[in-house]
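To start, I am sharing the structure in question, which I have written as structure tokens.
Each chain carries a letter (A, B, C and D) given by its place in the written order, and its residues are counted from 1.
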């Protein structure tokens, strides 16, 4: 049999297929469609210290091979998460990872401390790349100084695995990857959505209430893949790739380019079983190609070139 | 109650007007858990303009034949493609989704109000209400006489009142102007149609102290509560139309 | 009738539908399909001082709703252009604009001087955004200092209309727009391609000989639109928008967002008549909406928000 | 000689093996300007995986019926979709594109060599050569006997020699191993097939001082000389396969 497992430091994942934050709810939304515990891990909805209502409707627009969203981190806050959601999802036999967000560095730090105390959450994903909030989010992920500061501050209080999620809306993604690695991140995930926009030509106005929003889906795959390749070559910590992964082949592109694992995002909206199908497909590919370990193909394209 | 994803066979794709058609779908699953007001998410295959699924109400269910129907209006690329499907082809569908209409109180007098393609969920609701002993009246509004659809189907359920904007059939004007609203006295109104129509009916109900449920058609990405795109601003804050709706009592909405 | 014309300074264009450099050859490639002179203008193939062979094959990969290219400015150089191409295309009754490229500022300056002398070329498009060459190109377009220097140097020698084409591969597109406006650009065109990548999973190697390439087509439209909107709000000179325009509706999105004119690029590969169809569609839209001048809808979405 | 873009009617979509099919297309235009070796750019509609057109050789032309045929192998999404088109549907095509095969010298002895779907452009070429007085031999290579296609069609043109890689029909091995190459003496060889086959034939021709033309299948975006994606490295520098090819004399190539 083939080995699909990987690890971030001493945290083991049974396989490299994870779900992307904001696209998989907290997990139970998908219980009817698949056995969530078969996945390598799930990254739950973006969480903040205080409850947030998010942006006004309309928050969504379809684009060619993709979609824009402007949800803006709607969530019920960490208190509610601890009390009502954590008990429901801590039974999953997989790594449940919380995506944390804030407007100020203090928010991130306070959140990280709270989540550090939750036994069944072995890691956080520090989201410095949300394009849909006025303060924080992408502002941290597009400024090298802020990216450094917030990573350092969270690292200082958070003892478990720290995954930092980068914004693609920058000139040089490798700069940011190096910075967060230097500040002690255990892993890097990328990409968050590209900042985009859509106009309703019939109504002559922006399609989203916020005018701009985050572009996800297959449309962004080539950009995501390029960034993952650039980053994976330059850092030593595991890179988790995402952006437009719909099929096994898409996931393999990322792994061959250097991603240790992948997150399936928007695809789950179109096919709630996409993640499981991709997991099965990766195993089949390895067998067909005669590899016994997923590690044998991580970054494969760099070896021959 | 479990949601499922299934390739359903198209028994019939029937064009009923220039821009309306009905898909009759056959399922291998037991359909008894489908309730009036629920919807499905249809995958429109292999097109770059139809990346996301399309939400469509369940128009009618035949529990004996294990089939259900969708009443669809061609409004863009996705529905256009669906209109071209042939009998025997299959369609990938996630269902049943959303909450459902609440039941009226005992002996309550019920009116169903629909406009345009908003009449879709009301047929299944009407049949269900009739089957459990209610005698709902139905008020339908259309642009003009040529755009009237499904009239005969609703006649089987109860009295049907009509309005057309140009007066070419039934009373002239919008549903809110129809005389039945001032002559008959209803306890509960179910409404589905354009936002402007639902808001007008909601206003009417509030003024007249009637209970009113509407079915919303917010833009959706996932349909299963995962994306938070389909929200509606309610007295309880933002709620997802796809899981906590599409049916809302108008007292919950900030209309 | 509706007025479709616009102008850059005192240079008039009969309508706002232009063709994007590198996607329309020199014009004659499309003579069989449409009357090139009906277009507002054509932007010819990227031209350099010396002939260039471009990158190795394969140079192209299809992606979801888009394509990657790594042509790398293959062209026969300015001598050949003057002698063999200029005479063939100077008969077009429309604005023929040359897209100029270089590895050093001196290359751009020398080219601009040469083209200044060509009577029938009323403008140049200064391409500081080609992602497919090792030196120059995008390196100028992603560094504010270089972008300033090259624009200033070319402006100093070039008397006709100077259009600067920006790279989207930057954190803050508005910075670059402001810089080139300050240095005397008469117009700004955007976006060039996004840097992307594709992996051939069957062959386990990059799809392009250059590994990364430029992403174009509908996939990039939301990003392009966002950047055009951001820039158009901040500069006074006309903005020419492009990126994934396939249909009339796509073109109108850009115009409503603030573009004075649009370029049709990759679309011409799929439908060689796309540009003309878009031109006809825009006229029809204006009539249907009751506008008499294209100017009435430029940036329309900003007026109501 | 003018290129055109046209919606052609599919008279017949004929499946000939598991993965090969032939589309017969009817045009309203006069086809007499189509020459052997030219190709078309087919639009595969409305799919996000088939953004670009697909280049396909012109397999056969019937100037009387105003129809031409495409011989297509299913290799991915685009060709798969094309294989599902039904008779009577239409297909948007840009044609005719590219240069064409050169004529042999007077009284020259000609061999056509094809492998797999590379045999496509050779039928039209063979028929044309025969019609102007040549008697071409044909050498075809396939993986095994089950993958042999269009054999009868080529028999109408001249002698057909076969190889299969497993020896299940004809001589065993690759076309370059076939005994006819050592027994007969040809002046001109036309070849289309996998790159490896064309390179082997090109090498054989160089060694034996024969004139050789090959038809290349480089990846294309536009097909009309606008994008410069389809280049091949020649003694004259990079040339576009779509306008200066797809047919090249092997003396021009750096093979």
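What we mean here is this: a residue touches a chain if its C-beta (ideal position, glycine included) is under 8 Å from a C-beta of that chain, and two chains touch if they have at least 3 such contacts.
As the structure is a computational prediction, the values presented were derived from the model and not from experiment.
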Look at all chain centres (mean of CA atoms) and spot the one farthest from the centre of chain A.
D
At what distance in angstrom does the C-alpha mean of chain C lie from that of chain A?
34
Please compute the C-alpha centroid of chain B, do the same for chain C, then give the distance between them in whole Å.
47
Intercentroid distance (Cα basis), chain D paired with chain B, Å
54
How many angstrom lie between the CA centroids of chain A and chain B, rounded to a whole number?
36
Residue ranges of chain B touching at least 2 other chains are 48-49, 51
Would you give the residues of chain C that are in contact with at least 2 other chains, written as numbers and ranges?
63-66, 217-218
Which of line, ring, star, complete or other matches the graph of chains that touch?
complete
Chain C-touching residues of chain D, taken from the complex the two chains share
2-5, 43, 48-53, 94, 218-233, 237-238
Within the complex, chain D is touched by chain B residues 46-49, 51, 81
Show me the residue ranges of chain C that touch chain B in the complex, using the header's touch definition.
64-65, 218
What residues on chain C touch chain D, complex-wise?
22-25, 29-30, 32-33, 45, 53-54, 56-67, 69, 71, 74, 217-218, 266, 268-273
Chain A to chain C touching residues, read off their complex
63-66, 68, 142, 169-172, 194-199, 201, 204-206, 211-212, 215, 217-223, 225-226, 229, 244, 249, 252-253, 256-257, 285, 289, 297, 300-301, 304-305
